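Both complexes shown next keep subunit A, but they swap its partner, so subunit B is in the first and subunit C is in the second.
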Partner chain A sequence: MNFDLAIVEENAGQIWRGFLATIGLSVVILLVGTALGTGIAFARESCNRFLSLPAAAFVNLFRATPALVVLYFTFYAFPQFGVRMTPIAAATVGLATIGTAYLSEDIRGSLRAIDPGQWRAANALGMPYWWTVRRIVLPQMIPIAVAPYITRAMLIVKSTSIAGIVAVSDLTGVTSGLVSLTYRAVEFLTVAATLYLLLNTVLSILQIWAERRFVLRSGH
Partner chain B sequence: MERSLQIIVSSAPYIFKGAVVTVELVVLVILIGTPAALVVALARNSRHSIIAVPVGFLSWAMRGLPPLVVLFFVYFVAPQAGFDIDPFPAAVIGMTFYTTFYLAEAFRGGLAAVDDSQRLAVRALALPRGRAFFRVLLPQALPAIVPPYISYTTEIVKDSALAGSIAVPEMMGNASQLIMRTGRPFQILLFVGALYVVLDALLLIAQAKAETRWQTLQRH
Partner chain C sequence: MKAPVDARGADPPTALSERSQDEAAPKAPHVALNGVWKSFKGTAVLRNVTLNVRSGEVVSIIGASGSGKSTLLKCVNLLELPDQGTVTIGGRIVNQRRRGGAVLPPRERELRALRAKVGIVFQHFNLFPHMTALANVMEAPRAVLKMGRSEAADWARELLSMVGLADRADYRPAALSGGQQQRVAIARALALKPEVMLFDEVTSALDPELVDEVLRVMRGLAGKGMTMLVVTHEIAFAEEVSERVVFMDEGAIVEEGAPRDVIRNPQRARTQAFLQRIIRARAAL
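Up next is the complex of A and B:
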């Protein structure tokens, strides 16, 4: 079994575009998931049951369902109701929904770690709710959230690999296409694996930087 | 509505047939992966860096790769290396391979939670190492191992849906064939999604049972 590097070079452009698609998909999922996930985390911790119950139902539903089932919903089932999307849009919607559910749990964990006294103190000083959230609670949540958040980001990068199954040309999609075209599995899968591990390593370095930036400073 | 029920009833036998394969796959992966994970956990904790470092590297790589890429590796690389492999054994091997390293982290975390004085005590009593591990250390680690262990087994259930993409006739693979045949993805996905939630729920019930059992044991 020889390793044919030339065949990888021939298809380098395609692999690169797949790699960029994987990064793009991951970034969009993280941005959407962070924004919506924060909202859902606060809704779940709210005293209002009309907010907390639907939020809990949403999170548990999407954490219990395989990602592929959700992707098939957005890709195959939505058109049944007249909602047609391109493969990449369907994959983004499906994966971002799941990502939101998981991220909201990570964010909720750091929200619960905030001493309730902080809320009461802000309330006693007459701070409005949104001001308390923005100026008191969120800044204290960030250092706690760094480690679980980056771990989740790594899981999200890996979760994008199933987009290839619904015809998205992400790194895995491009790779499996090239494998069935050329029958050179070792070469293309090794390249894909290396690129995924590279992304993970970059995120690990980001975590070290973020922990220095936020966690150490909060020690003062 | 009646039409939808008809579709679900007529597709049920084929889906259930897939569900049996899904359960077989999950059970095999857990049965092989659990003892293997214990070995990996001990190897990673080994004092000899010649064992701990390579296993640690393998663990980093396997946990950094998307499960789908690992499955593709086993399924497509084996024929290139000169031996044929059927989809089902390929899925078992691939899933067991990465699952082992995730489960090993659950074991490692639990073992780290056992108080160091226990290790000194078994040394002071000159208990043989094997017996000290299985009769003293592991039983005390179990309450800390079970929650992450079970929550990872629900991941195995959900990941098993990926085996369909290497031609394993499991629940999701059969479901996607039915989607193509009937053109009614919504009804079929709803049915399959519900079955996955049931499988996950069974595992979570097992966790709750195990936890109450240990709590009563500890009280005595």
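Up next is the complex of A and C:
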């Protein structure tokens, strides 16, 4: 078997666009998932049942449903309700929903790891809730959350590979198309795997940096 | 009875000294609990507790574990809301508000304002581990009193100096001994310039050799005229510093009076039994 690098070079532009789509999709899912997941984690831990029950229902619904089914819903079923989205928008909504459910549990784990005495002390000092969250709780949560969060981020990056099923030209979608067209599976799959590895290596480096920065700073 | 100033003999802090001069004179009841009941899951933890503390007075509360001492303290700054009865601070009922004919619990912002007036220090120091000692003390003035960063830092340094920890301002709690952490916790509670300080068994989690440094700080505060309610097992300290000792058992005040009377010559059998147990436990150490 000979590895035909020329055919990869010929299609480099298309692969690059697919790679950028994967990066874009991953970044948006992570940003949305982190913001909403943090809110849902705090809501689930709230004493207010009007917050905790819907938050728990959301998490349990979407972590129990296969990502592909959610994706089919956003792409194929939503139009029946008059909601039509482009493939990339449908994939973003579907995967961000699943990602939010998982991320919120990782974030909730670090929230529960905070000594309740910290909340009690802040409360006894008359600190407002949001001040306590921002200045006392979040800085202690971040060092605990780094490892599970980055692991989840890697899973999310990999999960974008199913977006091709709803016609998104992400890295896997593009690769799959090129393999069907050229029958050069080894070349294109090797390139795709290498690019996913590259993305996740960046996340691994981010984890090392974040652990040094936050864990050392927090004194944990 | 009241000892002079400071843990390490440093100059007394300006703000607190001024306060003591200004406020030492009036002796009206500053903290008043009247017919306070509190239950947890159907078990009465406080039973019809009535207690008055004058401005500048130091009252020690003694009693066995589970007698309701800590709950009583938490009812003073409303970390626990009484089920019945009133809590009055500075002449104002703080645990109830009236709207129309209805009696409602206080609003969140009213609770926060009260907690700035009534400081509390816990057995477990609960310092913020990601902050230095200085930042721990600065945090509440910035959050609650809206003090600027540099003003809060100056004030925090003054307080750390008062508790003998000026040279530990940049240390994280993990790098401090238990006694030092508890002194930072006292400075942190004082940072809101409270009118009343509550101490909840603040030496119970400390190694015996570290207890005295914390008690020295508390003696200093008492000497400056701070109104203090102290839950403690340090009977000698209670006798030395307090103007009044209260003995609690099963959620009720069983006996109260001058330290010499309650500790040296208790009238009630339950007080006698408790003090006997304490003396025996100390002798066994």
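What we mean here is this: the second predicted complex is superposed on the first by the 219 of 220 C-alpha atoms of A that agree within 3 Å, B and C clash if a C-alpha of one lies under 4 Å from a C-alpha of the other, contacts with A are read in each partner's own complex, and residues count from 1 in each chain.
In this text, a residue touches a chain if its C-beta (ideal position, glycine included) is under 8 Å from a C-beta of that chain, and two chains touch if they have at least 3 such contacts.
Quick caveat, the model's predicted, so the values are computed rather than measured.
Once the two complexes are overlaid on the shared chain, A:Leu68 sits against subunit B while remaining clear of subunit C. In the superposition on chain A, contact of A:Thr92 is made with neither subunit B nor subunit C. In the superposed model, A:Asn11 lies in contact with neither subunit B nor subunit C. When the two complexes are overlaid on their common chain A, residue A:Arg120 makes contact with subunit C while staying clear of subunit B. Contacts of A:Ile136 after superposition on the shared chain: subunit C is touched, whereas subunit B is not.
In the superposition on chain A, A:Tyr196 makes contact with subunit B only, while subunit C stays out of contact range. Greater residue coverage of subunit A by touch, when subunit B is weighed against subunit C, goes to B. Residue overlap on subunit A between its contacts with subunit B in one complex and with subunit C in the other: absent. By the touch criterion stated above, subunit C contacts subunit A in their complex at residues 77, 79, 111-116, 120, 122, 124, 126-130, 139-140, 143-144, 172-174, 188-189, 192.
Listed in rising order, the residues of subunit B touching subunit A in the complex are 61, 64-69, 72-73, 76-77, 79-82, 154, 157-162, 164-165, 172, 175-176, 179, 184-186, 189, 192-193, 196-197, 200-201. Against subunit B, the residues of subunit A that register as touching in their complex are 1, 61, 64-69, 72-73, 76-77, 80-81, 154, 158-162, 164-165, 172, 175-176, 179, 183-186, 189, 192-193, 196-197, 200.
Of all residues in subunit A, those touching subunit C in their complex are 115, 117-118, 120-121, 123-128, 131, 135-136, 139-140, 217-220.
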